[in-house]
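Here subunit A shows up in two complexes: once beside subunit B, once beside subunit C.
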Partner chain A sequence: MKKQVTEVNRTAMVLVLCFVGLALIFLGIILSISYGTREVAGIDIIQGLFAREKMNIEQLIIWDYRFPRAISAVLIGCFLATSGAMMQGITRNSLASPSIMGVNQGAVLAMAIYMSSQAIPATIVRVFFAFIGAAISAVFIFLLSLRRANLDITRMLLAGSALGALFLSLASMVALLTGNSKDLAFWMAGGFGSVNWSTVYLLLGASIILPFALTLSPKIMIVSLGDEVAIGLGEKPNLIRFLAFICIVLLSGVAISVGGNIGFICLIVPHIARMGVGVDYRYVIPISMVFGGVLLVFSDVIARVIGNTGEIPVGSITSLIGVPVLIYLVRREKRT
Partner chain B sequence: MKRRSFQVTMVGLILLLLLVSTLSFSLGTLALSPLEILKTLIGRGTQQQELALFVIRLPRILIALLVGAALAVSGTILQSVVDNDLAEPGILGINSGAALFVVIYIYLTNGNNYYSMPDFTIFTMPFIALSGGLVAAVLIYGLAWKQGMNSMRLLLMGIAVNVAFTSLIIIMQLRFNNQDFNRVLMWTSGSLWGTSWIYVGVAAPVIIALIAITIYGSRYLDVLRMGEMTAIGLGVNVLKAQRYLIFIAVALAAVATSVAGNISFVGLMAPHISRKLVGARHQYLTVTAMLVGMILVVAADMIARNLFAPIELFIGAVISVIGTPYFIYLMLKQDHYE
Partner chain C sequence: MINPDVNDWRSDLRMVAEMFGKEEEAEAYISDYEAKAAEVGAAIKAVNGEQATYYAFLAGDDIHFLFTGAAYGDIFYNDMGLAMPENLPEQDSIELPMVDLEALTEIESDYILILASDEQRAEFESSSVFNSMETVQNGNVIWVSLSPYFNQAYSPYGKYQLLDELQELLIR
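This part shows the complex of A and B:
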């Protein structure tokens, strides 16, 4: 009886969190739209979003720049946090995340190579390259986790972060050779400079992966209990890992191809979600989806407020928020 | 390790170093044959050759030698004190701490104009770098301390602090002029571009003095490597010796960073290769690591300058192409033993 009560409580908690998260996203989008070098009045916001004919410059700014930017921030944050939550589930460790393990940086390198070889880079091909780059790092981590089942997470993290550093320095080398290092450097640090409506459609299209991630979440929950348990319950843990890795590669690939290397969202958000609803990945994954969007849309606003005229890359902001969380998690870890 | 075979190794390494340095002297926009180099050195070259050699290449190669030696010795000390072969000033975040302080210092004293940096700024840079390195070291040490020290936790803290410092450097970088951007990028990626005699004059005395102290203190490093208990048994004040040696390691890495930017992995590879060559006794190890570090940096600088000339690569990136696989290999091997 008592168990049922906690179950009801938890469902209520999840619903409340989702509701709060969505409200925060709405607030974040409004803030993101109204803040900028040019102040925009409330009436212009509404007209900018809904008027069929854009009358003045404020309304155009909103429709062409700020609104796509806010939507992209929400979606990218959602993708990154989801991929982080999935990775933490299948590796059974709260420190694992695509940005620390070199997946993001792999995507950045592959895109840097493509973009510097093309005069007019096509968005779709860029995404494809991001997938390849993300997949290379993910396969490396996957193999590492298969070959040494008892490889502790500390070493996996060290290997991943060394790999990530290498990919970033190779990317900056490519940028230097092709003479567009400042453009690419900004992009390597993560930002929404290249966002427009076509990238928003791309992100919206890629949202099809999210339901898959949700369907997979009960399975990930079982894998997170350990391989023995999973096999005992009739699941194939390595198959689930493989499917999850595909989702992770697709989600991070799309997110990175639009927003650049935005780190630590995938580490922090699942952690916040776990604090709210416990280690049950059936709930952690959807909550991460919502709060990933919240965190990134607010980080973007912060980056613009602090940067004032010269914009600060949003990736630097998320890193600075994320590092204390990483430090806390490392200190908490018993095995290290 | 016999004294004899140590001597053979030393001779081999010195010859290799001479070979690499000569190659580095001769390659470049103006190619010089070894004979022309000699001629120029005794003052009988053309004006153009003299310019290439004395004004551009000689100070640059001297800086490469100094930086290589400093990073390698710093890595040797850290690996022994921390008692982990993966410890290294770049990975631990000491270099990026130094780099961050230097970038902020240049920004504050010089505005966003990098090129017209006064000599005073260059002379004070190593001290600023040192304070940055010390701040990083204290931060990492403090964060990793949890009822005692654990080398893996120390490394992870290093990575975390490194990320934070690098983000701050990127934020600072974007405040500099567009034209200066590539120049400032060297603080995150490492480069010897634009080094001149004044940098040699600043870095050489400090680095040489610190390395001399380290070689003199080799016995302490040997004892510390044997473990804390043994060291106490042999009458060493472990905590004091550790702090003193860490200070030297941080100072070496910081001075190297102040002239060359953040170069990782030299401090990792050089001691490890040297341990394979001459064993673990620091009397031999420190000197060998110094030579190996010099060879690595001079060779990497040569590649960085000439591979895609006239565009120059970042030396830090060149080294990390070799260094990263080496690091991962070392790590997996260490895992195997435990």
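This part shows the complex of A and C:
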């Protein structure tokens, strides 16, 4: 009876946190839309969001510039944090993030190649290129880490770091030889410079993966207890890892290809979630989903307020917040 | 020594000339350039009007770099004597002032010269915010590619070669 009560309490806690998170996202979007270099009157902000005809330049700034940016920040943050939480669950390693599968590095290499090629100059084509790079790299590393049809996490870490480093050096070589190293560096710093409605639609399309991630989360919880427990409970850990892997590649690949390398969200948000709801991935994954969006939308607002016109990349703000929190968590874990 | 913190091509050219003992040629080159720049400036003003304002920027993905005091800014305002938009952000160091699209919409100018890659140009041209800027609607945006137009505006030889081209580009 007592156990049931705790479970109910926990569910209530998760619901409250989700609600608070969603409220914060709403607040973040409002802040993000209201703040910008050009002062826009409140009436134009509302008109910009709701009027679709005869819009003046200020209303267009709201609708075509600030709003897609705010939505992208929420979705990218949500995707990155979700994929980070899933990764930490299936690898049973709290320092894992999608980058150990070479998602980021593959995207960077693809971007270097894109920049040196004569590909069609359009954001959506560029995003597609980055995504293909991320996916190829992840599948390659996944195949390399299979041992007799079993996924070996140690192998994945080794193959991931080695190939990741190789992709990065190839990328800088390509960029240097073709004279694109500055553009590549800007892209790698991450940000929402190239978001527009077409990338928002892409992100919205990719968010159909989120329900799958939620459905997988109880299974990931079981896998995170170890293969023996999972098999004992009648689960197939390899199948679950494979399905989670697909979700992770899609979510993080899309997020990175739109927003570039935005640091620490994948790593830090699941840790924050664990602080609130414990190690149960049934709760860590949804909480990460919501708070990833919160962290990134607020980081973007902070980056723009401090940077005045946006010369501070949002990635540096997420690192600025993420690193101290991570160090604190590492210290705290040692003591307990 | 050439001071990397200051954009002063004249003193750089004089220094190099001194090393090779060609001071006279350098002075002649500088005064030739100045005379020609003033002439081109006058020709542009004769067609576009004395009061017409101009500015140039280097397009980035998210932030753009204004040539207020360097490269095109230096050529437009100091050498050609063209008018500067009233609210153009100032440049107080060798770093070009950085602005986002929102800030660009606040600069009221009759003509805008944009240095951009094909992708950035396509990006701008598909932006409803950019397209609703008055200068854009009047068709007074001049696009040039990043290479060679970025480096060219900084070098003594490049600047000289630019003058004729600018005359053609800016007279619409």
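In this section, the second predicted complex is superposed on the first by the 263 of 336 C-alpha atoms of A that agree within 3 Å, B and C clash if a C-alpha of one lies under 4 Å from a C-alpha of the other, contacts with A are read in each partner's own complex, and residues count from 1 in each chain.
As a working rule, a contact is a pair of C-beta atoms (placed from the backbone, for glycine too) under 8 Å apart; a residue touches a chain by one contact, two chains touch by 3 or more.
Note that the structure is predicted; figures quoted are calculated from it, not measured.
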item: In the superposition, subunit B vs subunit C on subunit A residues touched; value: B
item: Partner chain(s) touched by A:189 [first = subunit B, second = subunit C, both, neither]; value: first
item: Touched partner set for A:158, first subunit B, second subunit C, both or neither; value: first
item: Which of subunit B and subunit C A:320 touches, first, second, both or neither; value: first
item: Touched partner set for A:123, first subunit B, second subunit C, both or neither; value: second
item: Contacts of A:176 with subunit B and subunit C, given as first, second, both or neither; value: first
item: Touching partner for A:60 - first (subunit B), second (subunit C), both, neither; value: second
item: First, second, both or neither for A:34, with subunit B first and subunit C second; value: neither
item: Subunit B and subunit C footprints on subunit A, overlapping residues; value: 186, 310-311
item: Residue numbers on subunit C that touch subunit A, as the complex places them; value: 60-63, 98-103, 105-106, 117-123, 126-129, 132-133
item: Residues of subunit B touching subunit A in the complex; value: 86, 91, 143, 146, 150, 152-153, 155-157, 159-161, 163-164, 166-168, 170-171, 173-175, 178, 181-182, 185, 189, 264, 308, 311, 313-314, 316-317, 320-321, 324, 327-328, 331-332, 334-335
item: In the complex, subunit A residues that touch subunit B; value: 148, 151-152, 154-155, 157-159, 161-163, 165-166, 169-170, 172-173, 176-177, 179, 181-182, 185-186, 189, 263, 310-313, 315-316, 319-320, 322-323, 326-327, 330-331, 333, 336
item: Subunit A to subunit C touching residues, read off their complex; value: 36-38, 55-57, 60-61, 63-65, 121-123, 126, 186-187, 191-194, 196, 309-311
